[in-house]
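Chain IDs A, B, C, D, E and F follow the sequence of writing; residue 1 opens each chain.
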Amino acid sequence: MMEKWLDSLITATPQEGFELAIKLARMGVKYTQPDADIRSKLRPVYEQNADSLTLASQVVAIHYQTVAQANNYWK
Amino acid sequence: MMEKWLDSLITATPQEGFELAIKLARMGVKYTQPDADIRSKLRPVYEQNADSLTLASQVVAIHYQTVAQANNYWK
Amino acid sequence: MMEKWLDSLITATPQEGFELAIKLARMGVKYTQPDADIRSKLRPVYEQNADSLTLASQVVAIHYQTVAQANNYWK
Amino acid sequence: MMEKWLDSLITATPQEGFELAIKLARMGVKYTQPDADIRSKLRPVYEQNADSLTLASQVVAIHYQTVAQANNYWK
Amino acid sequence: MMEKWLDSLITATPQEGFELAIKLARMGVKYTQPDADIRSKLRPVYEQNADSLTLASQVVAIHYQTVAQANNYWK
Amino acid sequence: MMEKWLDSLITATPQEGFELAIKLARMGVKYTQPDADIRSKLRPVYEQNADSLTLASQVVAIHYQTVAQANNYWK
């Protein structure tokens, strides 16, 4: 059981929404691999691989669609 | 025939919705590979591969779009 | 020409909708590779590869968005 | 300049819509590789690769979202 | 700074919309790799690789969702 | 903590919206790999790989969906 980490999809600004999307992408990884030590070991590998970074950016993009819509695009 | 595992897409909170998205992603795998023993053998492999984890996080992100919309973004 | 296999996107429950999404994902493969023998040979390979299973789960997730929206999220 | 190949996204049934999605996915390839001979040579390769088939099925799934929405999910 | 290349997402027909989606997919590449000589060298490689073509078709599919919605599915 | 880089998803034209989508895709990478030196080293590698460029274009396509919807497709 994961402790509470997400209260709302509403954010004050588009940038904060983007940062929430990044958090959601990371939590998707964390639920699959809960061991922080293993995640730490994997980090230096994918952080220096261009395609891994693009793939990570893609997950953020998908979550940002959700967050942006939740916030009615901050209009 | 799979037993009943999904009653509703409605959840009380955004976090529970995220956890439902994780379940949906796993069920997508389970329908394709119903053998729990094989899934258990595969787990330690992809759990230590950064791109596999990102890919898993991506499936969660797609399902989260569905769950979030079903819940009107918990607004 | 494929025989009739899809009448409606409407399902009674979210779980049946998920199972329809799985069928849609498989039909996408079947249209591209109509030879059942070849598909049978490929099955044991990708069913034991974690990334292949995640990729298959991703296609299900995309179709589930469609089916869920068609059913107004079973609300 | 490609000749006319697409008149409408409207189809009579969900299955015809799925078949249109398959056509759209193939046309995406055809615009990128217009040489039919090269496409014919590539076909036997990816048709026997499970991940290639899943990837092809994914493109169909994305187009099917578009076609289904255009047809208001055939409701 | 890129010169003007996109005035509107509105097109007269679904096929012209598809062709705009192809242009958008190519522009996504062009912004990342502005050097036309390098893009020309890469072209013969990915044009003869089935998965590269499917991947390119996928980007077109995503843009086509946007263009189709902008045009209210040409209804 | 990242400094302010995003004020709004609203742009004057579809092309400026596309350029914002490119920025969003890059920021997704930057949050994951904040070290500019490493990003500079990775750039010449993926900029000469066709599939890497297509993958980058895909992330742009996903963000462009968000930006286009935020701007009501500039209609």
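Keep in mind that, in the parts below, contacts are C-beta pairs under 8 Å (C-beta built on N, C-alpha and C of every residue); 3 or more make two chains touch, one makes a residue touch a chain.
Bear in mind the structure is a predicted one, so any value in this text is a computation, not a measurement.
Chemist: Going only between touching chains, how few steps reach chain D from chain A?
Modeler: Tracing touching chains, the least step count from chain A to chain D comes to 3.
Chemist: Hey, what chains does chain B share as contacts with chain D?
Modeler: Both-contact set = C.
Chemist: List the interface residue numbers of chain B and of chain C, divide the shared ones by all numbers used, and answer same when the ratio is over half, different when under half.
Modeler: different
Chemist: Taking the mean of the CA coordinates per chain, how far is chain E from chain F in Å?
Modeler: Taking the average C-alpha coordinate of chain E and of chain F, the gap between them is 16 Å.
Chemist: Taking each chain's centre as the mean position of its Cα atoms, how many Å separate chain B from chain F?
Modeler: 27
Chemist: Enumerate the residues of chain D that touch no fewer than two other chains.
Modeler: 49, 51, 55-56, 58, 62, 65, 69, in rising order.
Chemist: How is the touch graph of the chains shaped: line, ring, star, complete or other?
Modeler: ring
Chemist: Counting contacts the way the document defines them, list the chains around the ring, chain D then chain E and the rest.
Modeler: Traversing the ring with chain D first and chain E second gives D, E, F, A, B, C.
Chemist: Where on chain C is chain D touching in the complex?
Modeler: Those in contact with chain D are residues 2, 4-10, 24-29, 31-33, 38, 42-43, 45-46, 51-52, 55-56, 58-59, 62-63, 65-66, 69-70.
Chemist: Can you check the complex and tell me which residues of chain C touch chain B?
Modeler: Interface residues on chain C, with respect to chain B: 13-15, 18-19, 22, 47-51, 53-58, 60-62, 64-65, 68-69, 73-75.
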